[in-house]
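What follows is a structure written as structure tokens; I'll ask about it next.
To keep things simple, chains are lettered A, B, C, D, E and F as they appear, and every chain counts its residues starting from 1.
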Amino acid sequence: MSALELVQLNLLSPAILCFALGIAATLVRSDLRFPEPLYQALSIYLLLAIGIKGGVALASGTGEGMWLALGAAVLLSAATPLWCFPLLRLALRLSPADAGAVAAHYGSVSVVTFLAATAFLHALGEPFEGFLPAMVALMEVPGIIVALLLVQRLTGGTTHWAESIRTVVVGKSVFLLLGGLAVGALSGEAGLAKVDAFFVTPFQGVLCLFLLEMGMVAARRFGDFGKVGAALLVFSLLMPIAHAALGIYTGYLCGLSRGGAFVLGTLAASASYIAAPATIRLALPQANPALYLTSALAITFPFNLTVGIPLYYALSGWLY
Amino acid sequence: MSALELVQLNLLSPAILCFALGIAATLVRSDLRFPEPLYQALSIYLLLAIGIKGGVALASGTGEGMWLALGAAVLLSAATPLWCFPLLRLALRLSPADAGAVAAHYGSVSVVTFLAATAFLHALGEPFEGFLPAMVALMEVPGIIVALLLVQRLTGGTTHWAESIRTVVVGKSVFLLLGGLAVGALSGEAGLAKVDAFFVTPFQGVLCLFLLEMGMVAARRFGDFGKVGAALLVFSLLMPIAHAALGIYTGYLCGLSRGGAFVLGTLAASASYIAAPATIRLALPQANPALYLTSALAITFPFNLTVGIPLYYALSGWLY
Amino acid sequence: MSALELVQLNLLSPAILCFALGIAATLVRSDLRFPEPLYQALSIYLLLAIGIKGGVALASGTGEGMWLALGAAVLLSAATPLWCFPLLRLALRLSPADAGAVAAHYGSVSVVTFLAATAFLHALGEPFEGFLPAMVALMEVPGIIVALLLVQRLTGGTTHWAESIRTVVVGKSVFLLLGGLAVGALSGEAGLAKVDAFFVTPFQGVLCLFLLEMGMVAARRFGDFGKVGAALLVFSLLMPIAHAALGIYTGYLCGLSRGGAFVLGTLAASASYIAAPATIRLALPQANPALYLTSALAITFPFNLTVGIPLYYALSGWLY
Amino acid sequence: MNIETMKRVTIVAEAVIAERIQDDILRLGATGYTTTKAEGRGSRGVRASEWEGRNEKIETIVTPAVADELLQHLSDHYFEHYAVIAYAHTVDVVRGAKYR
Amino acid sequence: MNIETMKRVTIVAEAVIAERIQDDILRLGATGYTTTKAEGRGSRGVRASEWEGRNEKIETIVTPAVADELLQHLSDHYFEHYAVIAYAHTVDVVRGAKYR
Amino acid sequence: MNIETMKRVTIVAEAVIAERIQDDILRLGATGYTTTKAEGRGSRGVRASEWEGRNEKIETIVTPAVADELLQHLSDHYFEHYAVIAYAHTVDVVRGAKYR
């Protein structure tokens, strides 16, 4: 498939079209709003569902290479702030808190970007490892902690440190992913069979609804582009590509399938906008949310969803 | 099928029974309440889902007659206030604002009535054109604008005119219908296949839940019958029949199937209670909501759902 | 199947695992919360869905033995307070209001426990009568009324008496169950076929989500164990077993299948935490909610879900 | 502009008795009320069930006389057994006639 | 601590005009506002539709001068045709500069 | 009836710090609080994420001394970095002992 066809396949999927519709809703100032409980219900559903599916795969997995790949993914996300933080400090001249905050977001991952990547593989008919949802759960937290440690080393602040880590580890998103993994792993294929009409079959449709809302949320931040500055904008567009390449290569070295390596690359490329913002807001209140939220949510997230996914897939073709 | 069998087929469908259950809940003063976010979630789902299905049909449609039928439907709904408004002014002696408000509601359409009509055709096994959801989207707005123009011509008021039109065009219901059409048209059959376990298969069941709530909402207005007066009550029962006949005949002339003509007739017969009320409240604040909401929501809507649908179907039998 | 295998089959089902996950969420103090509208939406869905399924079964049922079993179930739940109340008064030395409140909860039933019991039978492949949902609806109210009568006889109070009964009879949960039964009975198999992709197929998955929330709700009461006292704790664990035995035997005498008798036993063993608490709070405000809510929700409910269900099934093996 | 002083009475009550209190409010002479969903923590911490909803916050603008009667009524009928608090303060309203 | 007195204006309005009122508030000089979803009962009992949401309660902390203007504005533009009430009272704030 | 005057302190805070503020309130001597979900607009307009919920409005009835301490505490610990406002006013309560 040519690059153009890949882009088209991605852009014309219902999920990405719904994301675009959400952006349009905000731009034309429609009065469409998702009530907050609906947003939360969709989030709970999506996180629990990927957890459960991943858990079933974990339990039935043969395990060859699985632990290697999971370990490598954890290391990759923990390491990400090690280069993002100095880069943001020195090249972009951000304050320690701001640099740490942005680094934490790029060291963590975006669940919805993960889902869009797997939906893309489904549409292509390209297979991938069933345990990848476990990877999402494991990659959410380490990068955030490393980024906070880097800031602390520099500034010596210690406020609310333990609370911040607790927040992210038992925070809803990580809790639901890990909890879903446990439910899936313990109940196995037989258990999944009873509930797949709810957690599996309608999943892609629910994702459309969620992306409609995410489009509105992201577009509401478009007004903050000005506050971000050209340098951070470039960072938010190029860093994901670099991370994707690194992730794909890591997956390749661990023996993942092409689909698996592509997903790991997309995860590495993605920036968190659920677990990280809440943790950072508590741990680094002096960091400016307009910077980290805008770059993660309004730049990197739409970029990955639209251009990034087919691009990273094409990238993966060089190794496979 | 005899008239009685048609009525029975309609009344004993789960959707209409749930509507009746909602009415009963209000009448026996049950404490059953739908939380507002649930109501909004169901609305978003239903509007987006019919949009998407319609869009897929639009894209795959051969187009013969389609544009003719859509154009005729737009004209019909735009024209409706031209006779409703003078009738309400002169025969019912309503104030210009009240007459315009009521005319706007009958010039627009009811999405749920449309869904009940298509569910009825499904139960009958009668086919209909796939592009009809596009018709719903196109028939929502024109009648409202024409009615507002008629009031303005008479009273010379101009307040919030532009804002009122914007309100209805980018208003949630029209936006979701049109947006859904776009999503469906762009992603096509292949796109729909990925999400039909969410947007298509469970649709009739979701409609039941929505009609349960609509029954409660409609019944809460039953207490306002007194404020409406006998003349408007007669209008709310007979005008839909006249509009249905006109709609069916229009569909017949445009070459629609019997099912399609019946649906167009039911749309013409229906009165809006989503897009119109919000727009009218802003544009004609001096109009009395007890009049237009009660006649559209508490009289015409239940009438169409229960008696109207089988009646209009029987009517269509004279031409087909 | 051995007792251990039954326990395992139950504990490793996705629904019970989700319940455990909810308990864990509260214990590790995760910030996971279900927004209240989601909780209400899930409740409405579950109640309406079991009502509809039961109604279809009622309508298509041959009726042999059905009315006998339903009548016996009503009598059993009405009679329950007759021994619970004096026991709580005399052996546990509760005040009349407290004794009546607890008796009312054990005289009524838990819908979710019912669902867990039927899911357990599904997993076992054991058949049961389709009309059992009607039993749930009929067993909710009588025990509450009898308990209130017992208190009134003792204390002579009459405040809000009529209102209390109205509350429970047209209360949401009973209303939705009975309303669903009517919808199901009137629309029949043909009606159900149109909506089963919403009300039947995804049901077990929705139940998982609901049990996740119930786990959190139950665990939030664990802190009140101290207020309950050892005697009531023992009551909350042993009384269900006695009631289960009685229910199974009653089912056996009425000619129910093994599955049906097991479900009747589980219903008898269960304590209400939806209909009863609201009614009791209004009718017996002087009763201490920490007693009745903790024993019904935090002790009996988790006990039944985890240990009770396989135990009662094993018990039923003595008769079948 | 025609400013008058009235009392705003705020009541936070467990959901199960909210409807009853709303009826009481109208019966004691208020012309309306506004409710919002609330949660809270107090000395009692009692709720009938999630299914009934959590707390309800009820606000009503009334004349000082009605405010006194309402507080007295709540104190007499609900404070002992139910999770309820109530308080009042003076507010300036436009078109006071609406609240009498 | 630097306590200043300001006015809190509370507005309860049918949802359909909430956004317009919020714009008015900022235009008349308020620096912000807080909204909550509400339901209610009054003499009119009018709502455009469930789909629009029920009532909206809007609270804004403003200087006394802005409070007067706001009440006047609401009274002139909304009270006649829409379901709206508004009232004001004095509050103590920290760092009053935030509200000017 | 036994009317006493107390202070009501109202706090509007971004959701991410709501729980921490609630703990502070109890620690500083309040006997309870009531929360409602809110949205709003201010000079900062910062929210951690939709997933955390929007704003939280927290109201607590306290003695004047506790009110002062609470405002001071909020001003010291939250005003600089977080989206928070707080204000207080006098209210009449029945059975003042509940709030001490």
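The rule we apply is simple: a contact is a pair of C-beta atoms (placed from the backbone, for glycine too) under 8 Å apart; a residue touches a chain by one contact, two chains touch by 3 or more.
If you're wondering where the values come from, they're calculated on a predicted model, not measured in any experiment.
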Shared chain contacts [chain A and chain E, defined touch]: B, F
Minimal step count in the chain contact network, chain B to chain E: 1
Steps in the shortest chain-to-chain touch route ending at chain F and beginning at chain C: 2
Selected interface, E-F versus A-F, where C-beta contact pairs are more numerous: E-F
Rotation angle (°) superposing Cα atoms of chain B on chain C, nearest 5: 120
Rounded Å distance, chain C centre to chain E centre (Cα mean): 46
Length of the line joining the C-alpha centres of chain D and chain E, rounded to whole Å: 20
Averaged-CA centre spacing for the pair chain D and chain B, given as whole angstrom: 40
Sites on chain F at which at least two other chains make contact: 36-37, 89
Of all residues in chain A, the ones touching two or more other chains: 31, 35-37, 40-41, 172, 201-202
In contact (per the touch rule at the top): chain pairs: A-B, A-C, A-F, B-C, B-E, C-D, D-E, D-F, E-F
Chain D to chain F touching residues, read off their complex: 10, 12, 36-43, 55, 57, 68, 71-72, 74-75, 79, 85-89
Footprint of chain C on chain D - complex, ascending: 14, 16-17, 20, 37, 46-54, 80-82
Residues of chain B that touch chain E when the two form their complex: 36, 39-40, 43, 172-173, 213, 217, 273-274, 277-278, 280-282, 285-286, 289-290, 293
Residues of chain A that touch chain B when the two form their complex: 12-14, 17-18, 21, 24-25, 28-38, 41, 119, 122-123, 201-206, 208-209, 212
Residues on chain D engaged by chain E in the complex (per definition of touch): 1, 3, 6, 8, 22, 26, 31-37, 61, 89-95, 98
